[in-house]
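Consider the two complexes below, in which chain A is the common component and chain B and chain C are the respective partners.
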Partner chain A sequence: MKHAFLDKYSDLGSIIHRVDPRVKVIFFFVLILVIVSTPPQELLKFSGYFLMLLILLLLSRIPLLYVFARSLVIIPFVLLTAIFIPFFKGGEVAGSYNFLTLNLTISYKGILIFQNILIKSWLSVLSLTILTSTTKFSSLLKALETLKVPRVIILIASFFYRYIFLLIDQIMKIKNARDSRSFKKNPVYQFKIIGYMIGELFIRTYERAERIYLAMVSRGFSGTIHTLESFKINRFDLYFLGSLITIIFFIRLWR
Partner chain B sequence: MDKVVEIKNLSYTYPDGTPALNGVSLDAMEGESIGIIGPNGAGKSTLLLHLNGILQSKNGAIKVLGMPLTNRNLRKIRSKVCLVFQDPEDQLFMPTVFDDVAFGLINLGYHAQAVRGKVGEILERVDLSGRENRSAHHLSFGEKKLVSLATVLVMEPEILLLDEPTSNLDRKEKRGIIKFLQEIDKTKIIVSHDLEMIEQLCQRVVVMNRGKVVFTGDKEILKDDSRLKSFGL
Partner chain C sequence: MHIPDGFLNAETWVTMDIVAGLGIVYAIRKTKTSLGERQIPLMGVMAAFIFAAQMLNFPIAGGTSGHFIGGVMAAVLLGPWAATLVMSTIFIVQCLLFQDGGLTALGANIFNMGIIGTVFGYYIYRGVMISFGGKKGLLWGVGIASWLAVVLAATFCSIELAFSGTVPLRAALPAMAGVHALIGVGEAIISVGVIRLILKARPDLLQRYG
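Entry: the complex of A and B
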């Protein structure tokens, strides 16, 4: 079955794609730190970061719409957690509403914090979207590995990437099997079926994990997974890292 | 010729109480290809899992390449006896084809340069050069099967254990696999329902039924339909 892959445009091969994955990881990491540490009222600086990301995006030749759509995925989560902040923050009142018996006041400070969270999280997700769409997932994992991210995390991510599509397939198969045999619309009955489906999925996944482990053991696995590193940093990578980091810090520190 | 595998009176019951093997005895000579056939649930896969120590039974004795199969010999035996699982999804667990093929070699302690060389060589042999950086889920089923074979062959095993190497393949992919296996002159033990493939690859056929070996002999048996039927096939 076909799926939208996590790293759909990572085969494109633009300048940005060819930058050493480690360099990209470091760059985007620094960028996110800088974005997060920028004071909330400096909208111009945020526009600066955005402009920079936009230029990187254009250089990478990934469809803009795709990246923006992807980056918006995070917004509902942010909204859900941050929506109440404007109501709780004290300070100068921006407006107050009487809603039935509730008296709601919104403060300027609260709005600022809300806007701050929204902008920062969106820019950060946009950065990560660019990183993951210009880097193959396997290279990303290797980059993280060479940057000393704990092995367990890398392994979990790597198995996740390898088997998530299979898991989705399995869910589809079980679902098809159900749909082709069950006709009752009774919700209690449906819940029962879903319970069975989850159980079935759990057993299949468990059994697969066991078979994979056996396959690993029969090829000499003894507790740690080793892979070969195959990165070479060239001069362009250093220019890329150096100049972009300079620009970010320039934007951040300029007053 | 030397006996490379000696199984004597092996019995095995799964932890949940399912009896799977019941007094199996079988020998394999060096360089020989043996086909194991038998109805579903006969215990064929279970037998293969014993041959590189994934399953270990207290009843019966197994000797591989002259070594008794004990925990002390396990590492050595596993580097010489390699098993290819039926489902390539179980066999390919690394993020890229290269990493998957390199996995066993790195565990055997080869140096980076040697690993690259060997991986390149084997992928060329299965006609998959240039796919090194693909992820397994971007490959066709036939390609996955070939890569799973490559992951094991690259370790240059003395004995190759194959569980259903041709299941779910189309005719062309099947021919490719058979041709490739014909070129390998190692000892092969092949479990399959694909009698046509067994006929082309094996000299000797073993028929199993309900955890027992019910026939061992020449592959002529494959043409004798009524006898196969009497074995539950």
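Entry: the complex of A and C
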């Protein structure tokens, strides 16, 4: 098994890692709301948010390169949207070019739209990356539970987290077996095989789930899960939350 | 296509968050009455299963690759409301852990790729299955519903983006729906393959929902 990629770096011991998970969840969720609601032309404000995220990132001692590489996840969607920017009509024209038979124009409005999505999605992704790289997944779920996310969802997610590594391992083994036997490139054939692979995994998973349930019942499972970990908010957490929220609202509302 | 933060305007993402939230609350109430505590480990492990299945990429034209969504398949195997919870949890985890899809856009993503497949797709599947009848009807139902779920997901995605002023609807809608009409064929063939294999090997697992 080599898939320890889910909450990598969440077991470092920096000052940010030690902040109460609930405080971090609230702070980063508020930050994302503030980022998303900032008007697109306010570049100075976005730089402010970025500076803040950068400081948190440096304090957390997560490798910068890792975080920036992770943040590239938005690129496909940004590119997809960028394709459509030249099709916006109207507004002042910033430039035009000919592509095949189409005469495409890029308006200032189009550029503003692009800038808007690029900056906002990138800053939001950075925020979420810092949150999940400084918080263990189990603590994150517990924090979400105390913040009133439905318990069923939390339970499903914790089972998910417990078994995902095993199942990824299993599907990768099935995939290796396929790759070492089949060299047919016919796509319909490939799709069919993928279907059978998933069906195979389903049956194995279903049977595994039955065993898990029986094992849990025999140990006294009654529908609730208890953990030994309990959260305590100390004075530092309150300062952390209070000062950072004040700063982001200051940046957001300052003119 | 997981929509990141910043692509939707406030009206759109708030509306979609409310819609998806209501869907989840309804699904929780439905599953509470119809399924026991036994279902919780099952749903959790199934979430991991669908996530693992989504890791199998398949090539699409032009060097790009797509992957299986599995909403319709989940609904056929687990029933529509349990599948809604499973798919929603997957999107929540993908958003938090992999930053795949934004926090504010979570409702839109859960609706587009989850609820459309698990609820709407499920009833399409049932409709086709009942009107055709037999094993053939069941497989056609799975195929048609899976294809439709992918095309509708793309359609709703472009409508939401256009509503937010991020893309122009006239150009984006046909392009997105067109490309996904092709990807949907892959999804349909895979889903039918899954169900065919289960029908052969463990037909008892499919009986509960028809």
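Structure notes:
Criterion: the second predicted complex is superposed on the first by the 216 of 255 C-alpha atoms of A that agree within 3 Å, B and C clash if a C-alpha of one lies under 4 Å from a C-alpha of the other, contacts with A are read in each partner's own complex, and residues count from 1 in each chain.
What we mean here is this: a contact is a pair of C-beta atoms (placed from the backbone, for glycine too) under 8 Å apart; a residue touches a chain by one contact, two chains touch by 3 or more.
The shown structure was predicted, so the numbers you read here are calculated from the model rather than taken from an experiment.
By the touch criterion stated above, A:L44 is placed in contact with neither chain B nor chain C.
In the overlay built on the shared chain, the residue A:G220 is in contact with chain B alone; chain C does not reach it.
Within the superposed three-chain model, A:S121 lies in touch with chain C and out of touch with chain B [touch as defined at top].
Chain A is touched at more residues by one of its partners, and among chain B and chain C that partner is C. With both structures placed on the common chain, the touch criterion links A:I32 to chain C but leaves chain B unconnected.
Once the two complexes are overlaid on the shared chain, A:F137 sits against chain B and chain C alike. Contacts of A:L253 after superposition: neither chain B nor chain C is touched. Applying the stated contact rule after C-alpha superposition, one finds that A:L228 touches chain B and leaves chain C untouched. By the document's definition of touching, of the two partners only chain C reaches A:Y206; chain B does not.
Of the two partner chains placed by superposition, only chain C is touched by A:V73; chain B is not. The contact surfaces that chain B and chain C form on chain A in the two complexes overlap at residues 137, 158-159, 161-163, 166, 208, 212, 216, 221-222. Chain A meets chain B in the complex at residues 5, 136-138, 141, 158-159, 161-163, 165-166, 208, 211-212, 214-222, 225-228. Of all the residues in chain A, the ones that touch chain C in their complex are 6-7, 29, 32-33, 35-37, 70-71, 73-74, 77-78, 80-81, 83-84, 87-89, 113, 116-117, 119-121, 123-125, 128-129, 131-132, 137, 140, 150, 152-153, 155-164, 166-168, 170-172, 175, 187-188, 190-203, 205-206, 208-210, 212-213, 216, 221-223. Those residues of chain B that touch chain A in the shared complex are 49, 52, 54, 75, 78-79, 82-83, 85, 87, 89-96, 99, 102-104, 106-108, 112, 115-116, 133, 135-138, 151-152, 155. Within the complex formed with chain A, the residues of chain C that make contact are 1-7, 10, 13, 24-25, 28, 31, 37-38, 40-49, 51-53, 55-56, 58-59, 68, 70, 73, 77, 85-86, 88-90, 92-93, 95-100, 102-104, 161, 165-168, 170-172, 175, 186, 189-198, 201-202, 205.
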